[in-house]
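As C-alpha coordinates, here come the structures.
There are two complexes below, and they share chain A, which is joined by chain B in the first and by chain C in the second.
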Partner chain A sequence: MSDNKTLTFSIMDGPFEQARTVTVMRLLNVAARRGYNINIFAYEGAVSLPFARQSKHPNAVHGRDIEEEDHPLPKDWIASLIKSTAANGGQLDWINCGLCVDERGMQESIEGVRRGTPGDLWKWACESDNTLIIGTR
Partner chain B sequence: MRALQIIESAYRCTIEEQDDPAVWITHAMKGAGADLGVVLRANAVNYAVKNQDASGLVFGSLEQSQPPRIDQDIAALMDKNIDVYVLEEDCTERGIPSADFISGIQFINREQLPEVMEQYDQIWHW
Partner chain C sequence: MANYLLIESRDPYATHEVRHDFHLACNLAKAGNKTTLFLVQNGVIPTRKNAISSGLLHALDNGVEILCDEFSLRERGIPVDTIMPGINIAPIDTIIDHMVDGSKVLWL
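Take a look at the complex of A and B:
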(Lines of atoms letter the chains of each structure in order from A and count residues from 1; the text may use other names and numbers.)
(Lines give C-alpha, C1' and ligand atoms only; values in the text may rest on other atoms or scores of the structure.)
Protein backbone atom coordinates (compact mmCIF):
# COMPACT_ATOMS: atom_id res chain seq x y z
CA MET A 1 0.00 0.00 0.00
CA SER A 2 1.05 3.58 -0.60
CA ASP A 3 1.41 6.23 2.10
CA ASN A 4 -1.80 7.85 0.96
CA LYS A 5 -4.90 8.06 3.08
CA THR A 6 -6.94 4.93 3.54
CA LEU A 7 -10.72 5.00 3.44
CA THR A 8 -12.98 2.13 4.39
CA PHE A 9 -16.49 1.81 3.04
CA SER A 10 -19.17 -0.67 3.96
CA ILE A 11 -22.11 -0.96 1.61
CA MET A 12 -25.26 -3.05 1.72
CA ASP A 13 -27.34 -2.51 -1.42
CA GLY A 14 -27.39 -4.90 -4.34
CA PRO A 15 -27.14 -3.86 -7.98
CA PHE A 16 -29.91 -2.46 -10.17
CA GLU A 17 -32.18 -1.36 -7.32
CA GLN A 18 -31.05 1.84 -5.66
CA ALA A 19 -29.36 5.11 -6.56
CA ARG A 20 -27.02 4.46 -3.63
CA THR A 21 -25.10 1.95 -5.74
CA VAL A 22 -24.04 4.58 -8.25
CA THR A 23 -23.43 7.09 -5.47
CA VAL A 24 -20.98 4.66 -3.85
CA MET A 25 -19.22 4.20 -7.18
CA ARG A 26 -18.95 7.98 -7.59
CA LEU A 27 -17.31 8.25 -4.17
CA LEU A 28 -14.96 5.37 -4.94
CA ASN A 29 -14.09 6.97 -8.26
CA VAL A 30 -13.03 10.22 -6.59
CA ALA A 31 -10.99 8.35 -4.00
CA ALA A 32 -9.40 6.25 -6.75
CA ARG A 33 -8.44 9.35 -8.74
CA ARG A 34 -6.79 10.79 -5.64
CA GLY A 35 -4.76 7.64 -5.18
CA TYR A 36 -6.30 6.75 -1.85
CA ASN A 37 -6.18 3.25 -0.54
CA ILE A 38 -9.74 2.00 -0.56
CA ASN A 39 -11.27 -0.82 1.42
CA ILE A 40 -14.76 -2.00 0.65
CA PHE A 41 -16.62 -4.41 2.86
CA ALA A 42 -19.67 -5.60 0.94
CA TYR A 43 -22.38 -6.69 3.31
CA GLU A 44 -25.74 -8.34 2.60
CA GLY A 45 -26.99 -7.60 -0.93
CA ALA A 46 -23.85 -5.71 -1.91
CA VAL A 47 -21.99 -9.00 -2.32
CA SER A 48 -23.87 -9.24 -5.63
CA LEU A 49 -22.13 -6.15 -7.02
CA PRO A 50 -18.95 -7.99 -8.14
CA PHE A 51 -20.79 -11.18 -9.17
CA ALA A 52 -18.85 -12.52 -12.15
CA ARG A 53 -21.84 -13.85 -14.07
CA GLN A 54 -23.57 -10.52 -14.58
CA SER A 55 -24.37 -10.24 -18.29
CA LYS A 56 -25.22 -7.51 -20.73
CA HIS A 57 -28.44 -7.84 -22.68
CA PRO A 58 -30.13 -6.24 -25.68
CA ASN A 59 -33.07 -3.95 -25.01
CA ALA A 60 -36.00 -4.14 -27.38
CA VAL A 61 -37.78 -1.25 -25.67
CA HIS A 62 -34.78 0.95 -26.45
CA GLY A 63 -34.52 -0.57 -29.92
CA ARG A 64 -30.88 -1.46 -29.36
CA ASP A 65 -28.99 -4.72 -29.77
CA ILE A 66 -26.61 -5.97 -27.10
CA GLU A 67 -23.65 -3.96 -28.40
CA GLU A 68 -25.56 -0.72 -28.87
CA GLU A 69 -27.25 -1.01 -25.48
CA ASP A 70 -23.85 -1.45 -23.81
CA HIS A 71 -25.60 -2.11 -20.51
CA PRO A 72 -23.56 -1.12 -17.47
CA LEU A 73 -22.58 -3.89 -15.11
CA PRO A 74 -21.42 -3.13 -11.57
CA LYS A 75 -18.80 -5.90 -11.79
CA ASP A 76 -17.19 -4.00 -14.68
CA TRP A 77 -17.34 -0.71 -12.77
CA ILE A 78 -15.58 -2.40 -9.86
CA ALA A 79 -12.92 -3.92 -12.11
CA SER A 80 -12.31 -0.52 -13.68
CA LEU A 81 -12.04 1.13 -10.28
CA ILE A 82 -9.55 -1.50 -9.09
CA LYS A 83 -7.36 -0.67 -12.10
CA SER A 84 -7.86 3.08 -11.74
CA THR A 85 -6.92 3.02 -8.06
CA ALA A 86 -3.73 1.11 -8.81
CA ALA A 87 -2.85 3.44 -11.69
CA ASN A 88 -3.07 6.38 -9.30
CA GLY A 89 -0.84 4.81 -6.69
CA GLY A 90 -3.46 3.34 -4.36
CA GLN A 91 -4.96 -0.05 -3.78
CA LEU A 92 -8.60 -1.09 -3.81
CA ASP A 93 -9.32 -4.09 -1.64
CA TRP A 94 -12.82 -5.57 -1.81
CA ILE A 95 -14.08 -8.10 0.72
CA ASN A 96 -17.43 -9.82 0.39
CA CYS A 97 -19.03 -10.94 3.64
CA GLY A 98 -18.71 -14.70 3.39
CA LEU A 99 -21.97 -15.60 5.09
CA CYS A 100 -23.82 -13.12 2.88
CA VAL A 101 -22.22 -14.75 -0.16
CA ASP A 102 -23.32 -18.20 0.96
CA GLU A 103 -26.89 -17.07 1.64
CA ARG A 104 -27.15 -15.80 -1.91
CA GLY A 105 -25.02 -18.32 -3.79
CA MET A 106 -22.78 -15.49 -4.98
CA GLN A 107 -19.50 -17.40 -4.78
CA GLU A 108 -18.34 -16.40 -8.27
CA SER A 109 -16.84 -12.94 -8.01
CA ILE A 110 -14.50 -11.05 -10.32
CA GLU A 111 -10.76 -11.05 -9.77
CA GLY A 112 -9.72 -8.77 -6.94
CA VAL A 113 -12.64 -9.68 -4.70
CA ARG A 114 -12.10 -11.94 -1.73
CA ARG A 115 -14.14 -13.48 1.01
CA GLY A 116 -14.04 -12.22 4.59
CA THR A 117 -15.88 -11.59 7.83
CA PRO A 118 -17.15 -8.60 9.82
CA GLY A 119 -13.87 -8.89 11.69
CA ASP A 120 -12.15 -7.63 8.54
CA LEU A 121 -14.39 -4.56 8.54
CA TRP A 122 -13.47 -3.82 12.12
CA LYS A 123 -9.76 -4.31 11.43
CA TRP A 124 -9.95 -2.03 8.42
CA ALA A 125 -11.88 0.61 10.38
CA CYS A 126 -9.19 0.59 13.08
CA GLU A 127 -6.44 1.00 10.48
CA SER A 128 -8.14 3.58 8.22
CA ASP A 129 -8.25 7.35 8.27
CA ASN A 130 -12.02 7.17 8.16
CA THR A 131 -14.92 4.81 7.59
CA LEU A 132 -18.18 5.43 5.81
CA ILE A 133 -21.13 3.10 6.33
CA ILE A 134 -23.72 3.24 3.57
CA GLY A 135 -26.54 1.10 4.84
CA THR A 136 -29.64 0.02 3.01
CA ARG A 137 -32.84 1.97 3.57
CA MET B 1 -58.63 -4.48 -19.03
CA ARG B 2 -57.05 -1.05 -18.51
CA ALA B 3 -54.34 -0.37 -15.92
CA LEU B 4 -53.09 2.97 -14.70
CA GLN B 5 -49.44 3.10 -13.74
CA ILE B 6 -48.84 5.62 -10.95
CA ILE B 7 -45.10 6.20 -10.86
CA GLU B 8 -43.78 7.87 -7.73
CA SER B 9 -40.29 6.48 -7.03
CA ALA B 10 -37.86 8.25 -9.34
CA TYR B 11 -34.21 8.08 -10.35
CA ARG B 12 -33.72 5.00 -8.19
CA CYS B 13 -31.60 2.92 -10.55
CA THR B 14 -31.83 4.85 -13.80
CA ILE B 15 -28.07 5.03 -14.31
CA GLU B 16 -27.53 1.29 -13.96
CA GLU B 17 -30.59 0.32 -15.99
CA GLN B 18 -30.27 3.20 -18.47
CA ASP B 19 -34.00 3.74 -18.00
CA ASP B 20 -36.63 3.59 -15.26
CA PRO B 21 -37.94 0.05 -14.64
CA ALA B 22 -41.56 1.19 -14.19
CA VAL B 23 -41.43 3.18 -17.42
CA TRP B 24 -39.61 0.33 -19.16
CA ILE B 25 -42.14 -2.31 -18.19
CA THR B 26 -44.93 0.00 -19.32
CA HIS B 27 -43.30 0.10 -22.75
CA ALA B 28 -42.81 -3.65 -22.72
CA MET B 29 -46.39 -4.42 -21.68
CA LYS B 30 -47.74 -2.01 -24.29
CA GLY B 31 -45.76 -3.96 -26.85
CA ALA B 32 -47.53 -7.08 -25.57
CA GLY B 33 -50.94 -5.49 -26.13
CA ALA B 34 -51.66 -3.89 -22.76
CA ASP B 35 -53.97 -0.89 -22.43
CA LEU B 36 -52.18 1.49 -20.08
CA GLY B 37 -52.04 5.02 -18.77
CA VAL B 38 -49.36 6.70 -16.66
CA VAL B 39 -49.49 9.21 -13.84
CA LEU B 40 -46.22 10.82 -12.77
CA ARG B 41 -46.33 12.10 -9.23
CA ALA B 42 -43.94 13.15 -6.45
CA ASN B 43 -40.30 13.19 -7.63
CA ALA B 44 -41.27 11.28 -10.77
CA VAL B 45 -42.87 14.43 -12.21
CA ASN B 46 -39.32 15.35 -13.17
CA TYR B 47 -39.27 12.43 -15.61
CA ALA B 48 -41.29 14.59 -18.00
CA VAL B 49 -38.98 17.61 -17.83
CA LYS B 50 -37.36 18.16 -21.20
CA ASN B 51 -33.66 18.36 -22.02
CA GLN B 52 -32.43 16.13 -19.23
CA ASP B 53 -28.80 15.10 -19.64
CA ALA B 54 -27.36 12.23 -17.60
CA SER B 55 -24.34 11.73 -19.84
CA GLY B 56 -20.71 11.87 -18.85
CA LEU B 57 -20.49 9.11 -16.25
CA VAL B 58 -17.00 7.60 -16.05
CA PHE B 59 -15.77 5.11 -13.47
CA GLY B 60 -12.04 4.60 -13.85
CA SER B 61 -11.67 4.32 -17.61
CA LEU B 62 -15.15 2.93 -18.20
CA GLU B 63 -17.52 5.41 -19.83
CA GLN B 64 -21.28 4.98 -19.96
CA SER B 65 -22.16 5.10 -23.63
CA GLN B 66 -25.96 4.98 -23.30
CA PRO B 67 -27.06 7.19 -20.41
CA PRO B 68 -30.74 7.20 -19.50
CA ARG B 69 -32.97 9.48 -21.55
CA ILE B 70 -36.01 9.48 -19.34
CA ASP B 71 -37.77 12.43 -20.94
CA GLN B 72 -37.48 10.72 -24.32
CA ASP B 73 -38.76 7.47 -22.83
CA ILE B 74 -41.83 9.36 -21.54
CA ALA B 75 -42.34 11.00 -24.93
CA ALA B 76 -42.14 7.56 -26.52
CA LEU B 77 -44.96 6.36 -24.28
CA MET B 78 -47.19 9.10 -25.67
CA ASP B 79 -46.09 8.18 -29.21
CA LYS B 80 -47.58 4.75 -28.43
CA ASN B 81 -50.91 6.41 -27.51
CA ILE B 82 -50.40 6.03 -23.78
CA ASP B 83 -51.87 8.94 -21.85
CA VAL B 84 -49.30 10.48 -19.52
CA TYR B 85 -50.55 12.66 -16.68
CA VAL B 86 -48.51 14.81 -14.31
CA LEU B 87 -49.80 16.07 -10.97
CA GLU B 88 -49.74 19.86 -10.99
CA GLU B 89 -49.31 20.30 -7.25
CA ASP B 90 -46.20 18.13 -7.23
CA CYS B 91 -44.70 20.30 -9.98
CA THR B 92 -45.55 23.50 -8.10
CA GLU B 93 -44.04 22.21 -4.87
CA ARG B 94 -40.80 21.52 -6.72
CA GLY B 95 -40.79 24.83 -8.59
CA ILE B 96 -41.01 23.26 -12.04
CA PRO B 97 -42.95 25.47 -14.46
CA SER B 98 -45.20 23.87 -17.06
CA ALA B 99 -43.02 25.31 -19.83
CA ASP B 100 -40.22 22.96 -18.77
CA PHE B 101 -42.20 19.84 -19.65
CA ILE B 102 -42.18 17.89 -22.88
CA SER B 103 -45.19 18.45 -25.09
CA GLY B 104 -48.18 16.18 -24.86
CA ILE B 105 -48.20 15.86 -21.09
CA GLN B 106 -51.63 16.19 -19.48
CA PHE B 107 -51.58 18.17 -16.25
CA ILE B 108 -54.13 17.22 -13.64
CA ASN B 109 -54.61 18.32 -10.07
CA ARG B 110 -55.16 16.02 -7.10
CA GLU B 111 -58.92 16.49 -7.19
CA GLN B 112 -58.99 15.31 -10.80
CA LEU B 113 -56.90 12.22 -10.11
CA PRO B 114 -59.86 10.07 -8.96
CA GLU B 115 -61.64 10.88 -12.21
CA VAL B 116 -58.65 9.60 -14.15
CA MET B 117 -58.45 6.52 -11.95
CA GLU B 118 -62.11 5.78 -12.68
CA GLN B 119 -61.18 5.31 -16.34
CA TYR B 120 -59.07 2.27 -15.49
CA ASP B 121 -59.86 -1.17 -14.10
CA GLN B 122 -56.69 -1.46 -12.03
CA ILE B 123 -54.30 0.99 -10.38
CA TRP B 124 -50.68 -0.07 -10.15
CA HIS B 125 -48.54 2.01 -7.83
CA TRP B 126 -44.80 2.01 -8.49
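Take a look at the complex of A and C:
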Protein backbone atom coordinates (compact mmCIF):
# COMPACT_ATOMS: atom_id res chain seq x y z
CA MET A 1 0.00 0.00 0.00
CA SER A 2 1.18 3.50 -0.77
CA ASP A 3 1.62 5.99 2.06
CA ASN A 4 1.50 8.76 -0.55
CA LYS A 5 5.15 9.71 -0.33
CA THR A 6 6.40 11.33 -3.51
CA LEU A 7 10.05 11.23 -4.49
CA THR A 8 11.64 12.98 -7.45
CA PHE A 9 14.81 11.90 -9.22
CA SER A 10 16.75 13.67 -11.92
CA ILE A 11 19.11 11.55 -14.02
CA MET A 12 21.59 12.45 -16.72
CA ASP A 13 23.55 9.33 -17.77
CA GLY A 14 22.79 7.52 -21.00
CA PRO A 15 22.22 3.75 -21.24
CA PHE A 16 24.94 1.09 -21.45
CA GLU A 17 27.66 3.36 -20.05
CA GLN A 18 27.68 3.87 -16.30
CA ALA A 19 27.17 1.87 -13.12
CA ARG A 20 25.10 4.83 -11.94
CA THR A 21 22.29 3.71 -14.26
CA VAL A 22 22.05 0.37 -12.47
CA THR A 23 22.24 2.04 -9.05
CA VAL A 24 19.43 4.43 -10.02
CA MET A 25 17.29 1.51 -11.17
CA ARG A 26 17.94 -0.23 -7.84
CA LEU A 27 16.80 2.91 -6.00
CA LEU A 28 13.68 3.23 -8.14
CA ASN A 29 12.92 -0.44 -7.56
CA VAL A 30 12.90 0.11 -3.77
CA ALA A 31 10.56 3.09 -4.11
CA ALA A 32 8.33 1.15 -6.52
CA ARG A 33 8.04 -1.83 -4.17
CA ARG A 34 6.98 0.54 -1.39
CA GLY A 35 4.26 2.03 -3.59
CA TYR A 36 5.63 5.56 -3.48
CA ASN A 37 4.82 8.05 -6.19
CA ILE A 38 7.95 8.44 -8.30
CA ASN A 39 8.84 11.33 -10.60
CA ILE A 40 11.79 11.01 -12.94
CA PHE A 41 13.18 13.89 -14.96
CA ALA A 42 15.64 12.57 -17.55
CA TYR A 43 17.90 14.95 -19.40
CA GLU A 44 20.96 14.85 -21.66
CA GLY A 45 21.88 11.21 -22.38
CA ALA A 46 19.30 9.80 -19.99
CA VAL A 47 16.50 10.54 -22.47
CA SER A 48 17.80 7.48 -24.36
CA LEU A 49 17.01 5.14 -21.45
CA PRO A 50 13.34 4.59 -22.48
CA PHE A 51 14.05 4.64 -26.25
CA ALA A 52 11.60 2.18 -27.79
CA ARG A 53 13.93 0.92 -30.54
CA GLN A 54 16.50 -0.62 -28.20
CA SER A 55 16.94 -4.25 -29.22
CA LYS A 56 18.71 -7.33 -27.98
CA HIS A 57 21.63 -8.68 -29.93
CA PRO A 58 23.68 -11.87 -30.17
CA ASN A 59 27.23 -12.04 -28.83
CA ALA A 60 29.51 -13.39 -31.53
CA VAL A 61 32.58 -13.25 -29.30
CA HIS A 62 31.03 -15.71 -26.85
CA GLY A 63 29.11 -17.64 -29.50
CA ARG A 64 25.69 -16.85 -28.04
CA ASP A 65 22.52 -16.18 -30.01
CA ILE A 66 20.02 -13.49 -29.01
CA GLU A 67 18.12 -15.70 -26.57
CA GLU A 68 21.26 -17.08 -24.90
CA GLU A 69 22.79 -13.62 -24.59
CA ASP A 70 19.51 -12.18 -23.18
CA HIS A 71 21.00 -8.70 -23.16
CA PRO A 72 19.25 -6.44 -20.60
CA LEU A 73 17.61 -3.32 -21.99
CA PRO A 74 16.91 -0.18 -19.93
CA LYS A 75 13.59 0.38 -21.70
CA ASP A 76 12.41 -2.99 -20.31
CA TRP A 77 13.58 -2.08 -16.80
CA ILE A 78 11.60 1.16 -17.01
CA ALA A 79 8.47 -0.58 -18.30
CA SER A 80 8.76 -3.05 -15.42
CA LEU A 81 9.17 -0.23 -12.89
CA ILE A 82 6.07 1.55 -14.22
CA LYS A 83 4.07 -1.66 -13.77
CA SER A 84 5.41 -2.56 -10.33
CA THR A 85 4.87 0.97 -9.02
CA ALA A 86 1.23 0.85 -10.11
CA ALA A 87 0.79 -2.67 -8.72
CA ASN A 88 1.93 -1.42 -5.32
CA GLY A 89 -0.40 1.58 -5.29
CA GLY A 90 1.92 4.29 -6.55
CA GLN A 91 2.45 6.12 -9.82
CA LEU A 92 5.63 6.55 -11.84
CA ASP A 93 5.77 9.66 -14.01
CA TRP A 94 8.73 9.87 -16.40
CA ILE A 95 9.50 13.10 -18.25
CA ASN A 96 12.17 13.34 -20.92
CA CYS A 97 13.66 16.80 -21.51
CA GLY A 98 12.22 17.82 -24.88
CA LEU A 99 15.29 19.69 -26.10
CA CYS A 100 17.52 16.73 -25.23
CA VAL A 101 15.13 14.39 -27.05
CA ASP A 102 15.14 16.51 -30.21
CA GLU A 103 18.93 16.87 -30.21
CA ARG A 104 19.30 13.09 -30.14
CA GLY A 105 16.32 12.13 -32.30
CA MET A 106 14.93 10.07 -29.41
CA GLN A 107 11.25 10.85 -30.00
CA GLU A 108 10.17 7.18 -29.90
CA SER A 109 9.90 6.31 -26.22
CA ILE A 110 8.03 3.46 -24.57
CA GLU A 111 4.50 3.99 -23.28
CA GLY A 112 4.39 5.94 -20.03
CA VAL A 113 7.11 8.41 -20.97
CA ARG A 114 6.26 11.99 -21.90
CA ARG A 115 8.25 15.06 -22.86
CA GLY A 116 8.65 18.21 -20.82
CA THR A 117 11.03 20.94 -19.71
CA PRO A 118 13.33 21.69 -16.75
CA GLY A 119 10.38 23.68 -15.43
CA ASP A 120 8.68 20.35 -14.71
CA LEU A 121 11.64 19.31 -12.53
CA TRP A 122 11.34 22.57 -10.59
CA LYS A 123 7.61 22.02 -10.08
CA TRP A 124 8.18 18.42 -8.94
CA ALA A 125 10.96 19.46 -6.58
CA CYS A 126 8.62 21.97 -4.94
CA GLU A 127 5.80 19.43 -4.58
CA SER A 128 7.74 16.28 -3.60
CA ASP A 129 8.77 14.97 -0.19
CA ASN A 130 12.35 14.90 -1.44
CA THR A 131 14.44 15.19 -4.59
CA LEU A 132 17.71 13.55 -5.59
CA ILE A 133 19.77 14.95 -8.46
CA ILE A 134 22.14 12.43 -10.05
CA GLY A 135 24.48 14.13 -12.47
CA THR A 136 27.12 12.76 -14.81
CA ARG A 137 30.64 12.61 -13.36
CA MET B 1 20.96 21.35 12.47
CA ALA B 2 20.12 19.15 9.51
CA ASN B 3 20.49 15.50 8.58
CA TYR B 4 22.69 14.90 5.56
CA LEU B 5 23.15 11.77 3.49
CA LEU B 6 26.05 12.08 1.09
CA ILE B 7 26.38 9.43 -1.62
CA GLU B 8 29.87 8.66 -2.89
CA SER B 9 30.15 6.38 -5.93
CA ARG B 10 33.74 7.05 -6.94
CA ASP B 11 37.03 5.43 -6.00
CA PRO B 12 39.29 7.88 -4.10
CA TYR B 13 42.32 6.24 -5.71
CA ALA B 14 40.98 7.20 -9.14
CA THR B 15 40.01 10.83 -8.53
CA HIS B 16 41.17 13.42 -6.03
CA GLU B 17 37.69 14.93 -5.97
CA VAL B 18 36.65 12.23 -3.51
CA ARG B 19 39.04 13.73 -0.92
CA HIS B 20 37.07 16.96 -1.12
CA ASP B 21 33.88 14.98 -0.64
CA PHE B 22 35.30 13.39 2.53
CA HIS B 23 36.24 16.89 3.73
CA LEU B 24 32.71 18.08 3.05
CA ALA B 25 31.33 15.23 5.16
CA CYS B 26 33.77 16.09 7.98
CA ASN B 27 32.90 19.76 7.91
CA LEU B 28 29.16 19.08 7.97
CA ALA B 29 29.62 16.80 10.99
CA LYS B 30 31.90 19.29 12.75
CA ALA B 31 29.21 21.94 12.27
CA GLY B 32 26.84 19.75 14.27
CA ASN B 33 24.87 18.15 11.46
CA LYS B 34 24.05 14.43 11.59
CA THR B 35 26.06 13.30 8.59
CA THR B 36 26.01 9.93 6.88
CA LEU B 37 28.27 8.93 4.01
CA PHE B 38 26.83 6.14 1.86
CA LEU B 39 29.46 4.39 -0.26
CA VAL B 40 28.26 2.66 -3.43
CA GLN B 41 29.81 1.29 -6.66
CA ASN B 42 33.57 1.95 -6.64
CA GLY B 43 33.07 4.14 -3.59
CA VAL B 44 33.37 0.95 -1.49
CA ILE B 45 36.97 0.28 -2.58
CA PRO B 46 38.68 2.14 0.33
CA THR B 47 36.67 0.36 3.03
CA ARG B 48 38.94 -2.69 3.29
CA LYS B 49 40.92 -3.04 6.50
CA ASN B 50 44.22 -3.04 4.60
CA ALA B 51 43.38 -0.02 2.46
CA ILE B 52 45.05 3.31 3.15
CA SER B 53 42.48 6.10 3.04
CA SER B 54 43.21 8.88 5.48
CA GLY B 55 40.16 10.83 4.28
CA LEU B 56 37.80 8.04 5.21
CA LEU B 57 39.44 7.53 8.62
CA HIS B 58 39.30 11.28 9.21
CA ALA B 59 35.58 11.23 8.48
CA LEU B 60 35.05 8.39 10.95
CA ASP B 61 37.08 10.22 13.60
CA ASN B 62 34.91 13.31 13.14
CA GLY B 63 31.63 11.53 13.74
CA VAL B 64 30.51 10.82 10.20
CA GLU B 65 28.47 7.63 10.00
CA ILE B 66 29.82 5.57 7.12
CA LEU B 67 27.65 2.98 5.39
CA CYS B 68 28.71 0.62 2.65
CA ASP B 69 26.39 -0.83 -0.03
CA GLU B 70 26.32 -4.60 0.41
CA PHE B 71 25.59 -5.25 -3.28
CA SER B 72 28.59 -3.16 -4.39
CA LEU B 73 30.85 -5.15 -2.08
CA ARG B 74 29.55 -8.44 -3.45
CA GLU B 75 29.96 -7.28 -7.05
CA ARG B 76 33.61 -6.51 -6.35
CA GLY B 77 34.36 -9.68 -4.39
CA ILE B 78 35.02 -7.82 -1.15
CA PRO B 79 33.97 -9.99 1.82
CA VAL B 80 32.00 -8.23 4.54
CA ASP B 81 34.43 -9.45 7.22
CA THR B 82 37.30 -7.59 5.56
CA ILE B 83 35.71 -4.15 6.07
CA MET B 84 37.42 -1.83 8.55
CA PRO B 85 35.83 -1.40 11.99
CA GLY B 86 33.40 1.49 12.28
CA ILE B 87 31.94 1.07 8.80
CA ASN B 88 28.56 -0.63 8.60
CA ILE B 89 27.03 -2.57 5.74
CA ALA B 90 23.66 -1.31 4.49
CA PRO B 91 21.16 -2.01 1.72
CA ILE B 92 20.40 0.53 -1.00
CA ASP B 93 17.03 1.02 0.73
CA THR B 94 18.88 3.25 3.18
CA ILE B 95 18.97 6.05 0.61
CA ILE B 96 15.20 5.89 0.11
CA ASP B 97 14.72 5.82 3.91
CA HIS B 98 16.69 9.06 4.24
CA MET B 99 14.78 10.70 1.40
CA VAL B 100 11.46 9.84 3.02
CA ASP B 101 12.70 11.06 6.41
CA GLY B 102 13.49 14.46 4.92
CA SER B 103 17.28 14.29 5.03
CA LYS B 104 19.25 16.43 2.63
CA VAL B 105 20.43 13.76 0.18
CA LEU B 106 23.28 14.65 -2.16
CA TRP B 107 24.93 12.45 -4.78
CA LEU B 108 28.49 13.79 -4.80
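One rule holds for everything that comes next: the second predicted complex is superposed on the first by the 134 of 137 C-alpha atoms of A that agree within 3 Å, B and C clash if a C-alpha of one lies under 4 Å from a C-alpha of the other, contacts with A are read in each partner's own complex, and residues count from 1 in each chain.
Everything below uses one rule, namely that a residue touches a chain if its C-beta (ideal position, glycine included) is under 8 Å from a C-beta of that chain, and two chains touch if they have at least 3 such contacts.
Everything quoted here is computed from the prediction, not taken from an experiment.
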Superposition on chain A - do chain B and chain C clash or fit: fit
Which superposed partner A:27 touches (first chain B, second chain C, both, neither): second
Which superposed partner A:5 touches (first chain B, second chain C, both, neither): second
Touching partner for A:129 - first (chain B), second (chain C), both, neither: second
Chain A residues touched - chain C or chain B, whichever exceeds: B
First (chain B), second (chain C), both or neither touched by A:137: second
First, second, both or neither for A:19, with chain B first and chain C second: both
Touching partner for A:65 - first (chain B), second (chain C), both, neither: neither
Superposition-derived angle with apex at the Cα centre of chain A and sides reaching chain B and chain C, degrees in steps of 10: 60
Partner chain in contact with A:103 - chain B first, chain C second, else both or neither: neither
After fitting on chain A: smallest Cα gap, chain B-chain C, Å: 5
Shared contact residues on chain A - chain B and chain C: 19
Complex interface listing, chain C residues touching chain A: 9-10, 40-42, 71, 92-93, 95-96, 99-100, 102-103, 105, 107
Interface residues, chain A side, partner chain C - complex: 5, 7, 19-20, 23, 26-27, 30-31, 34, 36, 129-130, 132-135, 137
Contact footprint of chain A on chain B as seen in their complex: 11-19, 24, 27-28, 31, 57-62, 64-66
Complex contacts: residues of chain A adjacent to chain B: 15-19, 21-22, 25, 28-29, 32, 59-62, 64, 68-72, 74, 76-77, 80-84
